[in-house]
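One chain, chain A, appears in both complexes that follow, with chain B as partner in the first and chain C in the second.
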Partner chain A sequence: MSTIAPQFRLSRFIGSLFDLIFWVILIFSLVGLPIVFIVLFYIKLPVINNQLMTPYLAMTWMADPSRTLPIVKNFMHTTLFRVMAFPGFGFAALLAAATIFVERKFLAKMQLRVGPLYCGKIEGILQLMGDGFKLMSKEIIIPAKADKPIFWMGPLLFVGAAGAFVSLIPVAPGWVVANPNVGLLAVFAVIGFFPIIAVLTAWAANSKWTFIGGLRALHQMVAFEIPLILSLLGVVILSGSLNLSQIVESQEHFWWIAFLPIGAIVFFITILAELERVPFDLPEAESEIVAGWLTEFSGMMYGLIQLGTYLKLYAFAGLFTVLFLGGWNGPMVWPPFPQDIITQGITIGPVTAKFPGLPLFDQQMLNGTLWFVIKTVGVILLILLPRGVFPRVRIDMILHTGWYKLIGLAFINIFIALGLLYAGVLGPGGLLH
Partner chain B sequence: MTTQLPPGMHLETVDDKIMTLNVGPQHPGSGHMRLIIKVDGDYIVSCDPDPGYVHRGEEKMAEYRNYIQNIPHLERPVIHDSSNILYPYCLGVEDLLGIEVPERAKYIRVIAAELNRCIYILYWLAIYGIFLGHSTMFMWPAGDRELFIDLLEAMSGARVTHAYLVPGGVRNDLPSNFEERCLRQVEYFEKRLKEYEAIFYQNPLLKARTEGSGILSRTDAIRLGTTGSVLRASGVDFDVRKKEPYDVYENLDFQTIVMKEGDSYARSRVPYLEMFESCRIIKDALKKMPKSGSVRTKLKPNPKGGNDEVYRRVESGRGAIGYYIVSNNRPEPYRVKISVGSFRNLICMPYLLKGEKLGNMPAVYWGLNYWPVEADR
Partner chain C sequence: MVDSVFLALSVLTIGSAIVALEIRSLIYGSIALMLTLSGVAGFFLLLDAPFVAMFQLSVYVGSIAVLILFTVMLVRRELIFNKVEDKRRRYAGIGLMIVLMLGIGTIIIGSGLKTMDTNSPAVDYKKIGEDFLTYYSPALIVMALILASSIIGAMTLARREDVIDDQRAD
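The block that comes next holds the complex of A and B.
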């Protein structure tokens, strides 16, 4: 039960409001404005009404909304925006946070529980924020005999590698952080970093549990990397490209999962193993080895590892969407931007305001993003599902699966793809291409 | 080497190949105990269980309290199975003091004992599930325990430590319309149990993981003196309720569950199948129970036992629990010795874990139906 402050005084309340305003102005002028100016110097500014915009005119744009939108639009085409916000880190972190919340509620419903309920009034929506603040406020404990530089580096490297993976995923036509011609090879290269990071941090923590967990992670990831790579070769054979955006474009008429279901299944199982999710969560098997290679992490170091794990989850789900489910392709469902707003402006009472620069995003991009998000969320839900159904497997079972069964299936998948190519059904110059 | 070590002790030599792991007492995969495990790669070379972290001296405490005062503290070793751990004590004290128990009280005791057995097995199953990484199997039994806890709360007034069974009967009569409520909840629970089968016991990954691990042969099971579900999973048809029926078990219709495999899977499955039998017993007892009558024979104030001794045992959730009570013409017992199933099943852990993989450790450990607090008493 909460009570309204019993010793409420109006004068003190007004005083505290002034205090708040003072701090907001101070922080804005000391931190906010410098950041705005740094960003503004970075953007290639447009020419409006024969006047070249300069960062020093920033105050005039704040007063004149017709000048704001073109600059925002220019900002959105910089690499900085892409890395920080839209197809990059911010977008992925938002989806990752939503994934954690959905996972907790989804699993709770499967297990006849309610899950987070109280924090944030509506179905515990702020629980994640609370957990985040708790992790930040916790003490970071480093084991006395740990190899400290590498131990510190571990979570940062993990998030860095996960971020690099996220940057390779194309979300909408033209919206991707990095678009190398050998995108898929770059993905394989980034995935190869994760076992190294796991082993390094496990060794650096100098504990038996982390050591065993690190070795398990190494065995598991290496055993599943090869079927992962092999299962994706079918897609490369049929689409004739290693560039992820071109692979998406090649699926304009039909998705590769229709022709390569075996490859999709193998890839999905290897995703579960690479992400250390149930039933392959044995590097973190708590009843055997405490928390595996994460045992010695505490506070925000553990939080960073969790962030990296969920970024990785998003990236793998996105990769599955891009390679097998047609990426951003889908029927046009997004409504077109109303033309009369561009031509006549918005009328609010007596005032008619015109906003040059609208629309901010074109219809193709919004529609593509919508389809990509829908498909990716579906894949993420499928990845979360086994956690409520399966127990953990043993290390010998996982190695047997990885080195023996999945590699065999992946080769069958490659032969199917080659058969389709040489029969002239698919591929460059094929019947259905 | 200057320091003299006690006989039987030796210093460990540093061997690069063998790694010693202390599983417990602060480890999510151990109870209130420690397992000193030596591993060679992924294989366990030796396992040395080290119980005793929660020894509370229940036997000694019993020598300073009279026969009635002993009831609440004797159920503390297994609060989830408190009716069953009190049952042999009540039977023994009744023998010592020469008390006759009313017929209705005998049925109520059996119902309480079977309800409590289900509570214990569900708790055990929940931990078995989470030990194998199956989180749904942790949540479902832990939630379904509420059904039986509510029933026992209605009977006794307490949710875990019931202290419901007393020498001479039960503490109080059943509440009104208990029979219908009990029948309804038990029937609902039988439906839920079938869902456990689908999600847990028929799960291919669980079968692949536990079948054929930690095999205890029939002869070894008898030779090592195991009891309860571990014994029955190795193919020995032994249940105290059948072999030495106490109270009204001989009138009731149930079977002993026996499996021949003797592996972790069989040890996890026998208690699960026993819950079906417990439900049968409860339903049968509700049918055959006299509908009215006394439920407790009043004792004299501060009753004294003669110069006598008695040993009674019952079948609990973890196997046979026996009480050996000696009296010497005083209100307090001269000696109370409790023989518990947990401790006897613990003995075979070093045999089972030798040569196993480390990943099998939780399955074998918790499959032994071992409750650390009870073993330490």
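The block that comes next holds the complex of A and C.
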């Protein structure tokens, strides 16, 4: 008879549990509590219900429901929440994860396959979670002759750069992590880091596949960065601002894609190239060079690269929405929060529960988020679509498209924008503004 | 706060510049050069000039450093660099740098730049653009002509007649 643990003794198991609890309590009281109090010393505490919220009162939110919602609401307006949850990482990572699953199902349906099917019973809905656990539990293998510091830094830098890109995208009025006056230039600066990371990690892995893939990535990204920047100048000329939130506000009545369709098309093609998606997926051409510059990554390192790639995809789709599709602008379809609940509370039978602090989000923010997500998901689907349709193009065709045709079209777009501006139709002080 | 950031940036910039000069590995040298250029971008951010900082990042780190990486990776090192181990050259270089720094320092201390107004509002980049297109427009035109002619010159130099282009996409 085979058992999983032949030396198993219940008494030892319980003893080890007590041991563990003892060490946790000891370390927490000696190290954790001092750290908590030192940190609390520097945090600026909010005033809730005309009362400064001390750490002792903060714990009462579980017992006192009149305090719960104000505390939650207060937390939602901190920078930490913005970075971690809503317009920042959590929201983007959720959309990115959904994108991975939708991509697999969408492509499968397009090619008359079924795609992920068994995991989670219904249409393989839990496939992604399974893949995530698989990646986390796999061993991270580093090639023997790899340049280890750069190889380790690669995935982290990639996710970091993608996160920096995500933080610049405004989702709803006032809901953006970083809102610099030169937001679009910051986007250009962040995009410039991706080819460096790709080529450095490709070199560090010390393999022919990765190096060829990295050089291809570098060629392609550098060639398409210039038309990308040029195609967005039309929007800057017409809206008169580099701030992404102000660019969205300038599209209150009409979207810039109506006047600058050439710029939008050029930008869309450059998005495909910058994201290394089909038909421009030469850096990861799986039928020629294994997986391109990602060949030597294993386990969670590959997982991080994957996360970064899809965060970047979300950020590019969001940027397209912000610049050409009017961002959060759209008709007010979100129902207003019922006034009865704010003034009278909810009555269920004999019990009336009052919730001070409602509503949590204002109507405009929810409506803006809804429109932004609808448009962004549409753009993401358009980015995914070519993968089911087109074959890969040759490297000389890519470079020819990037350096000749797209730059030319981008200049035509700039001249259209300048013509509209000097004719007095659009732009600051124009007829339609 | 600003002082500590300034000090950290100075250490980063100068330290990585020295590393870029001294380290043996060319790749690490170019990474250190990138850090130096990013540090300079950080100085521009501290000086309330985010416009220049972003251009510093996207042009110097995003393009020129990439170009250097490209060259380092594609060309065999023995072909472009031959090692010259000479102690006297190094000392001469350090001496030259000290003389230069002392000269610039005495000029700066001797000039009228002794007080600085740190509370003045930052110059808006739109104002700079306006000035460029109005008062400084001749300089802008001259710069544009120089850039255009250098691009044309580069294309002329890079053009090769001997390549058979039957593989071209068009």
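Here is the rule we go by: the second predicted complex is superposed on the first by the 382 of 433 C-alpha atoms of A that agree within 3 Å, B and C clash if a C-alpha of one lies under 4 Å from a C-alpha of the other, contacts with A are read in each partner's own complex, and residues count from 1 in each chain.
By definition in this document, a residue touches a chain if its C-beta (ideal position, glycine included) is under 8 Å from a C-beta of that chain, and two chains touch if they have at least 3 such contacts.
What you see is a predicted model; the values in this text were computed from it and never measured.
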Contacts of A:Ile122 with chain B and chain C, given as first, second, both or neither: neither
Touched partner set for A:Phe193, first chain B, second chain C, both or neither: second
Chain B versus chain C as contact partner of A:Leu185, first or second or both or neither: second
First (chain B), second (chain C), both or neither touched by A:Ile348: neither
Chain B versus chain C as contact partner of A:Val222, first or second or both or neither: second
First (chain B), second (chain C), both or neither touched by A:Phe390: first
Touched partner set for A:Leu112, first chain B, second chain C, both or neither: first
First, second, both or neither for A:Leu282, with chain B first and chain C second: first
First, second, both or neither for A:Trp203, with chain B first and chain C second: second
Shared contact residues on chain A - chain B and chain C: 394, 396-397
For the chain A and chain B complex, residues of the former touching the latter: 107, 110-113, 208, 212, 278-279, 281-282, 285-290, 387-397
Touching residues (chain side chain C, partner chain A) in the complex: 27, 31, 34, 50-51, 54-55, 57-58, 61-63, 65-66, 69-70, 73-74, 125, 167-170
Residues on chain B engaged by chain A in the complex (per definition of touch): 19, 21, 27-29, 42, 129-137, 139-140, 143, 199-200, 203, 205-206, 208-209, 357-362
List of chain A residues in touch with chain C within their complex: 147, 150, 180-182, 185-186, 188-189, 191-193, 195-196, 199-200, 203, 211, 215, 218, 222, 225, 242, 394, 396-397, 400-401
